[in-house]
Amino acid sequence: MARLDVRKTYKLYIGGAFPRSESGHSYEVADAAGRFVANASLASRKDVRDAVVAARKAFGGWSGRTAYNRGQILYRIAEVMEDRRPQFEDAVRQSEGLGAAAARGQVDAAVDRLVWYAGWADKLAQVVGNANPVAGPFFNHTAPEPTGVVGALAPQESSLLGLVSTLAPVVVSGNVAVVVSSYGRPLPAVTFAEVLATSDVPGGVVNILTGDATVLGPWLAGHMDVNAIDLVGVAGHPDLAGELEVAAADNLKRVRRAPAAEPDWSIEPGLEPMTAFLEHKTVWHPVGV
Amino acid sequence: MPTTAPTDPAAGLASYSEVTKDERALRRFLHGLPGVDQVGAEARAAALGTRSIKTTAKEWALDLAIRMVDLTTLEGQDTPGKVRALAAKALRPDPSDPSCPSVAAVCVYGDMVAEVKSVVGDAVNVAAVATAFPSGRAALDIKLADTRDAVEAGADEIDMVIDRGAFLAGRYQQVFDEIVAVKEACQRPDGSHAHLKVIFETGELQTYDNVRRVSWLAMLAGADFIKTSTGKVQPAATLPVTLVMLEAVRDFREATGVQIGVKPAGGIRTAKDAIKYLVMVNEVAGDDWLTPDWFRFGASTLLNDLLMQRTKLTTGRYSGPDYFTLD
Amino acid sequence: MAFEYAPAPESRSIVDIKPSYGLFVDGAFVDGNGAAFKTINPATEETLAEIAEADEADVDAAVQAARRAFRSWSRMPGKERAKYLFRIARILQERARELAVLESIDNGKPIKESRDVDVPTVAAHFFYHAGWADKLDYAGLGPNPRALGVAGQVIPWNFPLLMLAWKVAPALACGNTVVLKPAETTPLTALLFAEICQQADLPAGVVNIITGAGGTGQALVGHPDVDKVAFTGSTDVGKAIARAVAGTDKKVTLELGGKAANIVFEDAALDQAVEGIVSGIFFNQGHVCCAGSRLLVQESVAEEVLHRLKRRMATLRVGDPLDKNTDIGAINSAEQLARITELSGIGDAEGAERWSPDCELPASGYWFPPTIFTGVSQAHRIAREEIFGPVLSVLTFRTPSEAIEKANNTPYGLSAGVWTEKGSRILHMADRLRAGVVWANTFNKFDPTSPFGGYQESGYGREGGRQGLAAYLKGGQA
């Protein structure tokens, strides 16, 4: 008799741990052809709440690390991912229904994207900050700082490259993230969480919830301790995106709006995904003896 | 620093005896004074300089400024004739207007004291610079002899210079002791003493932190007045330096009950500038200092500009230098 | 003997206030469809002029004019746009005194501030941004920077002309056209600015000034042909605007409220710190979104700092805004005075101790004395809510971490102040304070090159500096 394989339980990733949903609910995840693959945890609003608490707790430490250190950790994520490429290729192929070569391309691009962002960690301030020559005897400079807790509705289609491309620019600058994965294609996100857990990323810096962005999005958008939100996961749903934006106004979250359709993730992203979640702090000091 | 003034100045001063007991205590105290931010202090001085003093307030301020002038000549080329002429002007700055007040004092080198005294008598004070003015580079006994000579010659006020080298080298005790010794030398046989003004030469001390420290040092050592400059070094008096000194005398009185005077000297040439100083005295130290007993201008050309502006106010037209004496 | 300053009033004769004003649309003054309203001098309650109110049709006409002008303005070579802005900057300088007097009359702020701060900074803003107009490719904000289109801009009454400059100068430099609504209590300098645009031969429709109250602002923000919304004002209105533009492509910048902590450590340069506290809360009658309205003073020097502060406050001169020696002018409106009075009353009711120096307030007009509340804790409403008046809440702290915790314990995050002579502590504090502007050993300083804007509920986007340009460019990646 052939050996029976041991299946993985797909759980949430909150505060560095892998809990099941607080609600106890799960949902069936199918592959691209509609065949049952696994049951994923169905995150609830209370999981959103817990993830925000975990993220907030991690913010001071993560944002206080040196940019060099954050860059090293992002690079470490890439290293560990590279090591598990076959697993990611299978997951992406299964989720997105891609051929082997295409799936490999997605994984390669995701790893390369992490490497690209890792390099940005200690350059971003130099590129987007500057000295200001004010008309008086003052030292004056403007430097970027992370916005804080960022809620990210990850894209629904690109289950890995899109996820990584949404998450990396958030955390590279020192933000912490609560990510809602693709609803239909959540499994690469859970595997990615396992990579994060073994890549020196402090617990709580990234929290990944598998579940329905249309259900969790409003809780995240309305949460008063979330500072910003990326709505790319509701691309193509302008009504919902608009509602989330309205909810986000309650505490003036920085909103990265939902595009009309999911973007082409293969294009080099530019600075905007990072600058969308930065504050600029200007410091003045007199110059005297 | 206590924030309420002791009622008894003697007790107030005595309460500071601990900080002047030795070099280390003195240094600890002076270095523990709050710092002065240059940009902030200069901005405050500039802001006070924008006050607009008009009409009745200006008349009042001009007369007060005239009464606060220490009319000064401190040149190698000074002669008896020159200082007598200056003394005459000190008595009657505007001979054409009897309502014009006299200045506070005539300030000269010690050897000219008697000459001035012979003209002004007791109507105007005579101030003498002493202690190897302006550099202060001489042995202590020379400085003390210089002081005693001037007092004996009838000087009402002694303007001494501190040893800036000692101060900048951190030898605070030496500076302190020298002021104490000069103050003793100001004693007259009858028990009274010539008023002691201590010149810091703030242009050489450079930082406002130093100005604040030296102000406290001099006040603790017994200065009656603290004075910015000799007039021989640029920059001489400036508004921000004077601001820091006014803050010092204000704080010192609150701490000890002892009031000390302030004299900016050198570089104050226009009535407009003088009024800025008076505004600063008013708003920083308070009106207790708005008398010639507690605030002076060390100046020479300032007086004529004060007189011209005074004439403008009384006649309603602008005057010219030909209408005022050049002495 | 007391030195009594004689009155030193700046002459009003330099300004010529017309009995009534229309809207400035498409290069000309036109009547508004709404009911006219009055603007008054808050120092005397005298009516200054009747102001047209723009209704939706007027707003639409202004947006259409801006849209028409956008075609040629955005395509005009940057170096030509630059020259228009330089020209405006020069005319602002030439007419500086007139603008300052008018600002003080309409707003109530002291002439020394309108003359020495507001108007010179206005001209500086145009001068600074003029130079950007033909250098946007070099701003480092991404490739091929392009204008957004029509900017709808709504500004407050506290710095009427300065806020106009903050909005209009970068918008025009980047090739946008604008429809700007000044606050209903302070429209006059914006209308004089319209006249300056005419003197500069600025093409019709590039700048449109529409007057009115909240409804006019709503119509502007909500207009479908507006591409960019820039607002400075209250956090409540800012949130309403964020909701109104939700689901649109409009780019938004919001400059909102604040409750800044001004933190004084025991080793501070105390005399300068006291000046910073005073300018932090009493500059412009405290009508400043970044005002240092919460004084956090280290307990070890609290008594001394308060003593010095009170002594300093006793020298503040409250009264006629046009007197050159006035330090604190009139509260801008009866409504604002009522709010300050109400919140101060709550401070009393909550047990904080109120102190003001003796100062005689004029019989007519809107006035509030410089006031401090001691014995305030974070739980007091006066420590949490923006009063927007000359009212300071004094709290104490023991350690740097407690100061940071208290300073950041607010939904706002616009500005903060730190006073200490220790360099490493300044950098530590500047790092930890969650605020868009940190003034260390200074306060309330502004410069066109220096980006300004808030964290959290103090809004988003920056104004001024290189980062400020991003708000007016497509794909601008500040």
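First chain written, first letter: the chains are A, B and C, and each begins at residue 1.
Keep in mind that, in the parts below, contacts are C-beta pairs under 8 Å (C-beta built on N, C-alpha and C of every residue); 3 or more make two chains touch, one makes a residue touch a chain.
All of these numbers come straight from a predicted model, not from anything done at the bench.
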| item | value |
| --- | --- |
| Category of the chain touch graph - line, ring, star, complete, other | complete |
| Contact-richer chain pair [A-B vs B-C] | B-C |
| Where chain A and chain C are represented by their mean Cα positions, the distance between them in whole Å | 37 |
| Inter-chain centre distance, chain A versus chain B - centres from mean C-alpha coordinates, in Å | 69 |
| Between chain C and chain B, distance of the C-alpha-averaged centres to the nearest whole Å | 44 |
| Sequence positions of chain C contacting 2 or more other chains | 441-442 |
| Interface hub residues of chain A, defined as touching at least two other chains | 136, 138, 286 |
| Residues of chain B touching at least two other chains | 37, 39-40 |
| In the complex with chain C, residue positions of chain A that touch it | 127-128, 130, 132-136, 138, 140, 142, 147, 227, 238-239, 241-243, 245-246, 248-252, 254, 257, 270-272, 275, 278-286 |
| Chain A residues touching chain B - in the complex, by the definition given at the top | 136-138, 286-289 |
| In the complex, chain C residues that touch chain A | 124, 140, 142, 235, 238-240, 242-243, 246-247, 249, 254, 256, 411, 426, 430, 435-442, 445, 447, 449-453, 455-457, 459-460, 462, 465-467, 470, 475, 477-478 |
| Footprint of chain C on chain B - complex, ascending | 1, 3, 34-37, 39-41, 43-44, 50-58, 60-61, 247, 278-279, 282-283, 287, 290-291 |
| Residue ranges of chain B touching chain A (in the complex, touch as defined) | 37-40, 42, 206-207 |
